[in-house]
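Take a look at these structures.
Each of the next two complexes has chain A plus one more chain, namely chain B in the first and chain C in the second.
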Partner chain A sequence: MPSSFQTHASQSYLIIARSSPYVSQQARAALDIALTAAAFEQTVSIVFMDAGLMQLLKGQQADAADMKNIGKIITALKLYEVNRILVHQESVDKHNLDPAEFVEAVEVVTGDEIKGLIAAADQVMVF
Partner chain B sequence: MILHTINKNNEALERCLSLLREEDAVLLIEDGVYAALDSEENETVWSNLSPDIKKYAMVNDLAARGISDRMLPFFETIDWSGFVSLSLEYEKVISWG
Partner chain C sequence: MKFSIVIHGAPWSANAALSALRFTEAALECGHEIVRLFFYQDGASNGSSLCVPPQDEIDIPGQWQALIKKHEIDAVVCAASALKRGILDKAEADRYEKNAHSLLTGFSVSGLGQLIDACGQSDRVVSFVI
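This part shows the complex of A and B:
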């Protein structure tokens, strides 16, 4: 099968999710790629920052927007073995959010730590 | 060593710039080239960035928007084949939208 996922050694992916849910397909696309890459046994980390943090809020009533619940998809990431779920400290502070109240347990990382993750990953995708 | 491409002049640019390392480069394409326009606000943004970070702007996109002669001096202009060369020179390319 001519799939690069199958013919190449495992790669590391860093997905940067900085789009709010429900206004476009960007948030959903980031999660779909994270889940797909993890299903093909790639090493996947996802970092939420800026408006992307809004994907993590509890109590999303997606049927009001006629869309799938982004918060529920996020709770599937660990099941599909997405390795790390991270949030950007400065974005959390700016929006006055409490990571303990997100839909999923997350690691809080600084911008400097994210710079290191970006440099270390084989592939970085921004949504 | 990462080549960061930016195709809009919005807060994605701001975020990208906050995550750059000194060995990285920035390439403005499409509406991203408006960030190269000679204004006080843009000048502050680019002069606060390390001079070690290389800054490029796509010549076709500047010309299309009529801003080739109104650019800040921080940028080297490149064409499509220059873009191809840069993407080979750097370890990876990250597209910020």
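This part shows the complex of A and C:
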């Protein structure tokens, strides 16, 4: 049996969400990790980039794909104290999206800033 | 160094599982410690006791099991990932009134919290995704 959860110093997690919401389970897996880490009082940031930006679009009709609404899960992140929700500037520009139209307020960061976040995080997980 | 290993791939649909297996073996050979193996998403299928690979192909679940036994490694299959893929231990098979259980001896089923716990205990967490 696994050992029970031990107390450790809180770590910083950077979850990088690069997958579109409904073609695989990757988007959901990333959000599950983010929510779990936050529930265990870790410092969690999530950055959406590439096709992962599609997870942030309003008006997702997840029912049509018989899947859970990823946009709705994202709106719960702050409630669970996922500290920072970020989007990759260059991906936003490439897809010609307006961050004001996303399901949740986001911070826009450049690729260089993401490099710094990766270097600073204790744990980096890419989905 | 203390490592934890996260396995995202099923035994034969991605290289992730075999790469993770070889990495774990190499880490142990070099004297490192494995805090935990965490089998997530499709990786849960590595814990299946019902895989029958052809005789001339590698038995990845069997090799995991042998490695886990030899080195007494804590091997956790994510519960949510495992249940929906039909990887059940005896207790869950009984609870959900299924006609069989399918988890290899040496593996245990637990929640995502065990991954966060492993991160806290390890110097490095290495994920095998593709």
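Throughout what follows, the second predicted complex is superposed on the first by the 121 of 127 C-alpha atoms of A that agree within 3 Å, B and C clash if a C-alpha of one lies under 4 Å from a C-alpha of the other, contacts with A are read in each partner's own complex, and residues count from 1 in each chain.
Following the convention adopted for this analysis, contacts are C-beta pairs under 8 Å (C-beta built on N, C-alpha and C of every residue); 3 or more make two chains touch, one makes a residue touch a chain.
A quick note: this is a predicted structure, and the numbers were derived from the prediction, not measured.
Contact with both chain B and chain C is seen for A:Asp122 once the two complexes are overlaid on the shared chain.
In the superposition on chain A, contact is made by A:Gln11 with chain C only, not with chain B.
By the touch criterion stated above, A:Gln25 is placed in contact with chain C alone, chain B being left untouched. Applying the stated contact rule after C-alpha superposition, one finds that A:Gln42 touches chain C and leaves chain B untouched.
With both complexes placed on chain A, chain A has more residues touched by C than by the other of chain B and chain C.
Applying the stated contact rule after C-alpha superposition, one finds that A:Ile33 touches chain C and leaves chain B untouched.
Judged by the touch definition given at the top, the superposed model places A:Gly59 against neither chain B nor chain C. Looking at chain A, you'll find residues 122-123, 125-127 touch chain B in one structure and chain C in the other. Contacts from chain A toward chain B in the complex involve residues 18, 26, 49-50, 111, 114-115, 118-119, 122-127. Contact residues of chain B toward chain A in the complex are 2, 11-12, 15, 18-21, 92, 94-97. Every residue of chain C that touches chain A in the complex is listed here, in rising order: 6, 36, 40-41, 74, 76, 80, 108, 110-117, 119-121, 125, 127, 129.
Residues 1-3, 5-6, 8-9, 11, 13, 25, 29, 32-33, 36-37, 39-40, 42, 122-123, 125-127 of chain A are the ones that touch chain C when the two sit in their complex.
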